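Two complexes, one shared chain (subunit A), two partners (subunit B, subunit C).
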Partner chain A sequence: MLMIRPRMASGTQEKQYTPSLLSFFIYNPKFGPREGEEEKKILFYHPIEIEKNEKIRNVGLCEAIVQFTRTFCPTKPAKSLHTQKNRQVFHEPEENYWMVMVVRNPMVEKPNKDGKPPTVEYQEDEIIDSVYGSVLKQCYSMYKLFNGTFSRAFDAGGVELLIQKLEKFFYRYLQTLHLQSCDLLDVFGGIAFFPLDKMTYLKIQSFVNRVEESLSLVKYTAFLYNDQLIWSGLEQEDMRILFKYLTTSLFPRHTEPELAGRDSPLRPELTGNLLHYGRFLTGPANLKDPDAKFRFPRIFVNTEDSYEELHLIVYKAMSAAVCFMVNAAVDLSREFCEQLDSLVGPQLTLLASDICEQYNINRRISGPEKEPQFKFIYFNHMNLAEKSTIHMRKTTSVSLTSVHPDLMKILGDINCDFARVDEDEEIIVKAMTDYWVVGKKSDQRELYVILNQKNANLIEVNEEVKRLCATQFNNIFFLD
Partner chain B sequence: MAADVHNKGASWEVKNGNLAPVDRLQKDRSDSPTPGLVEGTEPGAGQEGAMFVHAQSFEDLTAEGEPNTNDRSAETGDLSPAVSVEAVARNAQEEVLEEGEEEREGSSEPAREEETKQVRSSNKAKDEDVTSETWRSHRKHLFVLSEAGKPIYTRYGTEEALSSIMGVMMLLMSFLEDKKNIIRSIHADGYRVVFLRKSPLILVGVSRTSCSDRELTPRTSNRQSYDLRRLLAGSEHLTDSLLQLLDRDPGLLLSAVMCLPLADSARDVVSSSLQAAKSKNLVFSILLAGNRLVTLVRKKDQFLHHMDLHLLFNLVGSSSAFRQGEGWTPICLPKFNPAGFFHAHISYLEPASDLCLILVSTDREDFFNLSDCKTRFLERLRKRSAYQALQEALSMPSYPVSQVGIPELRHFVYKSKSSGLYTSPDLPVPYQAVEEHERLIGLYQNLHSCLHHPTRPLRYMYCCRETENLYALVTSGFELYLCFSPLGTKALAVSAVPKLVKWIRKEEDRLFILSPLTY
Partner chain C sequence: MNMSDDYYLELSENPVQFENASSVNNVFFDEANKQVFAVRSGGATGVVVKGPDDKSSVAFRMEDKGEVKCIKFSLGNKILAVQRTLKSVDFKNFIPDYPHLEFSHECKTKNASILGFCWTNWNEVVFITDQGIEFYQVLPDKRTLKLLKSQNINVNWYVYCPETAVLLLSTTVQGNVLQPFAFKTATMSKMTKFEIELPVVPKPAKLSLSERDIAVATIYDQLYVMYLKHHSRTTNSPGAEVTLYHLPREGTCKKTHVLKLNTTGKFALNVVDNLVVVHHQSSQTSLIFDIKLRESEGPVSAHQPVLPARSINPCKIPLTDSSSWSVFQPDIIISASEGYLWYLQVKLQPTLNLLQDKGKLMDFLLRRRDCKMVILSVCSQMLVGANKGNLSVVATVFDKLNQVYKEYLDAEQAYTTAMESGPSRSSMSYKRPVRTQAVIDQSDMYTHVLSEFTERKGVNHKFIIAVLMEYIRSLNQFQISVQHYLYELVIKTLVQHNLFYMLHQFLQYHVLSDSKPLACLLLSLESTYPASHQLSLDMLKRLSTANDEIVEVLLSKQQVLGALRFIRSVGGHDNISARKFLDASRQTSDTMLFYTIFRFFEQRNMRLRGNPVFNQGEHCEEHVAYFKQVFGESALMKPATV
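Up next is the complex of A and B:
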């Protein structure tokens, strides 16, 4: 499956190709240590059609590179390989299990006269390692969320079970990767938090406590509004990937029925229930349906220590969504779901409208939104909080940014600079397009601002950023 | 005025970017230097044409190795009236091609053996266990191997001990080439490995510093031309010292050369003395003081590439053999012509002094002629009592940054694009230790690579860190890198630029060679 998207440049015949996934494989060198058994190392290989020997050779190359770099630093093997045509990113999530992603460099195809094949020019400096390294790590985290670790699967059912699980998961998951629109936000993999006043926050807190009290099966709860997180009982790392799943996969799949009219055939589940707007996003679509299945997706959390397997119940009323996580050993019955529906449904409907009201009041106070002179991305490594005014929306298919891709790459470059040095830093640059880009790193926080003030000088830009910090982050300390 | 200047700027654009600007009149030089200065009018710009062929960027330098460079030299040959040098060079080139690889290596370095022995014995640092932690922790490694995977050079350790690693390098390289792909680099936490094939050699660099591979690659490739000729004949120390120079000298990074600060009257005397001491086959006369240039006189229409000049600096600086008397050695100036050879008369004006005279000729029998040139030059110099001034300038440190009068400014590097010259004050206290010195150069390298990013170049970059504040900018006329103490503010940095440029304009007679001479 090659995801090539030709884009015709206006006026010329040049074709521009965005970066695309060439191959993706997972191997464990311990599974086929002897010569002639190399194929056994390979646990998953995409695309599947590749000839066996070719697969073995490509895996061999990765092994060789990892081994080679150990001569220079035994503890820090290779992370990526740059070649003229592509980038390979390596990740060893569990001991001896290697994941490799090969991304083709963006390229420009220039047609030649006289029927000669077109010349292809690879743009080798376009791909930022940290972005695709993070995408690869995210692939693993997502797999782990739904399948647990590689080694657990191997212990439970040997190589066969592991291979089966990998194929089942990655076959579909890889199609949802949109490598051309990956950027700095993928590096952060942060969580967007919903800004809220104290009263409403306490209301939500008490709602969560009440539900957990009456439904003792519920082990963890997470509360989201407008695809933004308000409260979570999960560990941060687990919440991070669950949040990613909810906002980029589960919620977008369900927005369509909501947007459809009340009488639309797309939302049959609401016909029987006029008391509240609550419904299950996972599990039974309609409780009244006698054939309804009470099966929920299973997720794995705390894989480092207690290794818990849980049912994931996502329940939504208007813009408010709650995740209830129940021990997977318990069978969830119709009675439990009905109890949950009748308890949570009306309360959540009420709460959702409360939040909405409060949200609108807050927005009115902060004044009418006018197009600001700047766009920014903020990320806090401590609580994974992330905020971006650069991204208009992030859905399953595309993340739309409102700035030029080159500027996003400059942000990526600055981020790499920050990652290299473990000290507070500030970098201000002016691009050839006359945009100013400011990056600030203070303690665990990073802020990136893009200013569109062509004639401003360094001092004015600095003032502008100070003003921004004062209005948007008035209680967050940034080094001057 | 500005538009006027721009037009002038456009007219110099010569087809292959290889020829120096046409002569300009004094009045073209703008009076008040501003960051908007156009190339050719910035402080330090030469008045009567540049001395160097200057590359616009690293890409020019690395532009695909040999065939290309050959083309270029052929082109220049066609453009300029067929000078004898060109012909000789081209003959040499053909000769060499016929002789084949082995011969080429041998023939390039006949007069070097004595020196080599001397160096071999002083190579103790090399006997290092390649599996030890110290070997691993070197900041920059360089390996050179033949296309067959045979080890040729390593910066640390012995070639023999590393043969298996080099074999792997070779395999990685050829594996990807089988797939019609080219390996560029491998990245890991805290270090990177960069691969480069320059037939018939393969270069592999390993760097722990923060400089990007964009830098590392061209730097290695610059070395390449050098390696090919020098190191194969067993003069590893030249490569060693060149590598060290790369870590410490901003000139290589900037593709520029620093001049010895000297009153222009004194420099004029030296230059004209050198100019008068000419000989039929003399192409370049170069007077060096350490690794700073005092003056350079060239044959009309012949331009020296700054990279070649750096190689000469290195050649002179890394061996003491020339101190003892007059040296006569064949040299290759790879940027001038990668396959041709010149013959250089290298001698110090006085055994104890840093002043070194290099006379480059096309004739291999020219030793006595050039020796005579030197005598004539010295006579003239003494007669016009310029020698004293030269000695004085030499004994003094360059200049402290405090002369500029900008508070909190610790150091700067200013490069005039059109003349290919740069100036920089003495290193201040915090950077005098070797480690700190290299760290500062590393910071400049990082700024440089960001500003000159191949697809996302920048105009300005301001970088505020715990140890210093850095400000770098590129205009069409100059490049400037400033290093402030952490107490420096942005406002200060912004105001410092015009102030500094003004100061350099005032001092340019002293800091730069404004009117290079030809025979």
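Up next is the complex of A and C:
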């Protein structure tokens, strides 16, 4: 199953193909150590149609490469394999469990005269290990969020259960991977935070604490506004993947019908005598429906220590979305959902309009939103805060960037350079297309700026970036 | 619970004792000076005056000139006045060096009977007769009285409020039209008269309002006339009521409050700590009302008792028959037959258990005089134990406390500003605001409630943090700047429970305001939570007064170049110590770094002094030697040769 899409038809009949997923498999060498039992190692293989022996061969090759490279550095075996046609990425998320993703390199197809088959030119340097390495890790984190760890499934139901879970999850999930639009943001896997004044933030704190007190079943709460995080009761790593799920999967699924005008959510609910706009994004679509199901997705958090399984209740009023997480051992009833709806709905509606109002006031104070001259990506490793003026709003299908992929590639390369050393660094690149690309790393923060100033020299570019830092990042310690 | 804990009213510990009333001993009480007069045998065998304190006690003899109807000292015990007949009042100087002989003054209106008299000043007295009032100045040296003013009006009876020097006269046949007069040194002003609404209008008209049912008192700095409206079958009220008429200095008197007694019988009124206390004789219990606890809107607000009816704490009372007690305004109870004068007091501690609604309780307590410790114990109580309140109750209580706190801070601020701009500029004379006990500041909360609460065993840490955040939210809502020790408490609690990510988020949204101590605290957490290093540096940067600290932090991390770049970016590189940077770069064992730093300072020397050589005061000799040793003497920068 080859999914190759032409990216652009430039010039004559030259065709460009973006990177695409060739195969994806998960294996555990301990499950089939003896000869003739190799197939037992394979827990999941995509595409499913591949012939058994080829599967075994491919898995064997990966195993061999990892074993071989281990002899050079036992703690850091190979992470990827570069070939002319494709790139293989390895990841061992749990002991002896290996995930491998094979990506076809982007390529250009040049037509030949005289009816000869076209020449294919693979652009193996165009894709970046760190991007696909991160995508692979994200696959695991997403699996783990909804299914728990591999070893737990194995302990509970043996290989059969594990295989079943993997197939159920990855069959759907792999279809949502859009490898052609993966970039630096996938490397960061950051969280967008909603900017908010202290008082409104404290009101939200107060709201969260009171709801958790009234609904004692609720163990953790996360609060988002405009698809940006404001509060997380979950630990950082769990929030990181939950945020990814919410913003790239759950929210877009619900906003698209809204935009299309179907299922208009703007019909307020009347609880008691309080008008509110609250509704469940997971669980029952309509509380009044007598056949409504009170089933919520289950998620796994703190898998390193307490290993908790939770119901994920996502409730939204206007632009404010709240995740309530409840111990999965408890059965959630209609009564509970009704209680939650009547308690949270009116309060959240009020809070959402408060936030909106405060946000508008703050924007007015800071002056009208000037479209910044700069395109930039900012990331802070410490709190995972991420900000990008390069990326458009994400949808379920693709994440759109407003810059040329070549520039994104440069950003990725600079990031790789930064990852190699601990020191603070600054890299300035003049791109082929007259753009300037600046990467800065200060302590745990990274900033990437793309400037469109054709005739600027290095000093001017440096000055521009300094100015950007002074206006956008004046309240953090960011070395010039 | 011990039943005695339940009594919220009690009598003063040390009553004023006097000789009990008997056939030979008449007892009088003067509300103005709060003095009890025990007059034996018409004064011939002695008059003993007992006041609220020993200083105001006096004993003397006077000639028995007949039965004493009324006896009072003027303010400061200067002049004694005694009424023995319906026509005249006798005076006697108590001022040293003045003639002590009695002198008498007859009322000027012919055929009038004196109902009584009131001192309005040390030398001013008003006679109330059945035909009007006469206002006199007493001239003690001349032993005569000078009429200042008089007014003709038919008077049934009168009530005088010494605190405000307001006299109320009952006029008309039914007696329910009250005419107030206000007195102030040598002046007497007539205020607007008003009518008390009677439950039934008798036909034919007859005196229907008794002075026993009227009391005058100051409540929350406003003068009120209290009318005890007995239960009547014709009205649909289930019991007797006390109606309050607000009597302003200027303008008309209006009916403003109705206190529902929900019972019938004989009552007496006191006012203690701005609370109206209604004693019910047959049940021997008392009710209290707070007219500021509003239950209904509108021009007249109806009030239910704040607390359930209780007796006055009996263990403080010697065995007496309380049915013979006399009650005086505002807070005095006298047993003439026993010879005791008590002050009535409100005990606040029992209210904690009697008033379940914590918001209402707080409203009530915040208006009381000695409320501080009780309020603080309410706060402690609502955070732990069986009676723990939920967060919205906690929030309500905090908001109420901080509202009062904020009002005080604003008044203090306005006062300071007024003082700074000079007293002459503002025509208003500013008084320094009084800090009442109701002002509960952050240090009170910290010391008496929060620090203890956070250290308590067995309290869910989620609740602790929620409470602390609620307090901080409330302070912020009232724009009160939060003290550092509260933030410290939050951080301590979060760190104790390993909730670093929570802490991180609080800091990210600047919920914990920037300060140097906070930044230092964060720095100290770095070993357990690495991100706090970044949080601390960010905070120091925002403070913009902590550049030296930033340099120190970076140098301690061996980020010598970073420190130098930073200090240069803020323009402080001409004043930094070269030795400090050279020391730090030596410690990195990176010779190229040392070279760079060394060269930087050579250039600085060159720029500042025209010579790359370090000054002796900079103590860099050791580093110069090291530089020569590693890079050779020739690598030293040469002084510019022109």
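What we mean here is this: the second predicted complex is superposed on the first by the 455 of 480 C-alpha atoms of A that agree within 3 Å, B and C clash if a C-alpha of one lies under 4 Å from a C-alpha of the other, contacts with A are read in each partner's own complex, and residues count from 1 in each chain.
Just so it is clear, contacts are C-beta pairs under 8 Å (C-beta built on N, C-alpha and C of every residue); 3 or more make two chains touch, one makes a residue touch a chain.
The shown structure was predicted, so the numbers you read here are calculated from the model rather than taken from an experiment.
Undergrad: Could you check whether subunit B and subunit C clash or fit when both are placed on subunit A?
TA: Here subunit B and subunit C can both sit on subunit A without a clash.
Undergrad: Examine A:172 and indicate which partner it touches, taking first as subunit B and second as subunit C; both and neither are also allowed.
TA: neither
Undergrad: With the two structures laid over each other on chain A, which partner does A:424 touch: subunit B (first), subunit C (second), both, or neither?
TA: A:424 contacts both subunit B and subunit C.
Undergrad: Determine, for the superposed model, which of the two partners subunit B and subunit C contacts more residues of subunit A.
TA: B
Undergrad: Of the partners subunit B and subunit C, which touch A:116 in the superposed model: first, second, both, neither?
TA: A:116 sits against neither subunit B nor subunit C.
Undergrad: Could you look at A:73 and tell me whether it touches subunit B, subunit C, both or neither (first, second, both, neither)?
TA: After superposing on A, A:73 lies in contact with subunit B but is clear of subunit C.
Undergrad: Is A:364 in contact with subunit B, with subunit C, with both, or with neither (first, second, both, neither)?
TA: neither
Undergrad: Angle at the Cα centre of subunit A spanned by the Cα centres of subunit C and subunit B: state it in steps of 10 degrees.
TA: Taking subunit A as the apex, subunit B and subunit C sit 120 degrees apart.
Undergrad: Tell me the contact category for A:210 with respect to subunit B and subunit C: first, second, both or neither.
TA: The second partner, subunit C, only.
Undergrad: If you take every C-alpha pair with one atom in subunit B and one in subunit C, what is the shortest distance in Å after superposing?
TA: Value for subunit B versus subunit C, nearest C-alpha atoms: 5 Å.
Undergrad: Touching subunit B in one complex and subunit C in the other: list those residues of subunit A.
TA: After superposing on chain A, subunit A residues 424 contact both subunit B and subunit C.
Undergrad: Help me check something: in the complex, which residues belonging to subunit A touch subunit B?
TA: 57, 61, 64-65, 67-69, 71-73, 76-86, 123-126, 129, 406, 409-410, 413, 417, 420-421, 423-432, 434, 457-459, 462
Undergrad: For subunit C, which residues count as touching subunit A in their complex?
TA: 390-392, 395, 462-463, 465-466, 469-470, 472-473, 476-477, 501-502, 504-505, 508-511, 530-531, 533-535, 537-538, 540-542, 550, 559, 562, 565-566, 569
Undergrad: Could you please specify the touching residues of subunit A with respect to subunit C in the complex?
TA: It comes out as residues 193, 196, 198-199, 201-203, 205-206, 209-210, 212-214, 230-233, 235-236, 380, 382-383, 385, 424, 443-445, 475-477, 479-480.
Undergrad: Which positions of subunit B touch subunit A when the two form their complex?
TA: For this pair, the touching residues of subunit B are 136, 141, 165, 168-169, 171-172, 175-176, 181-191, 193, 206, 210, 213-214, 446, 450, 453-466, 490-491, 493-494.
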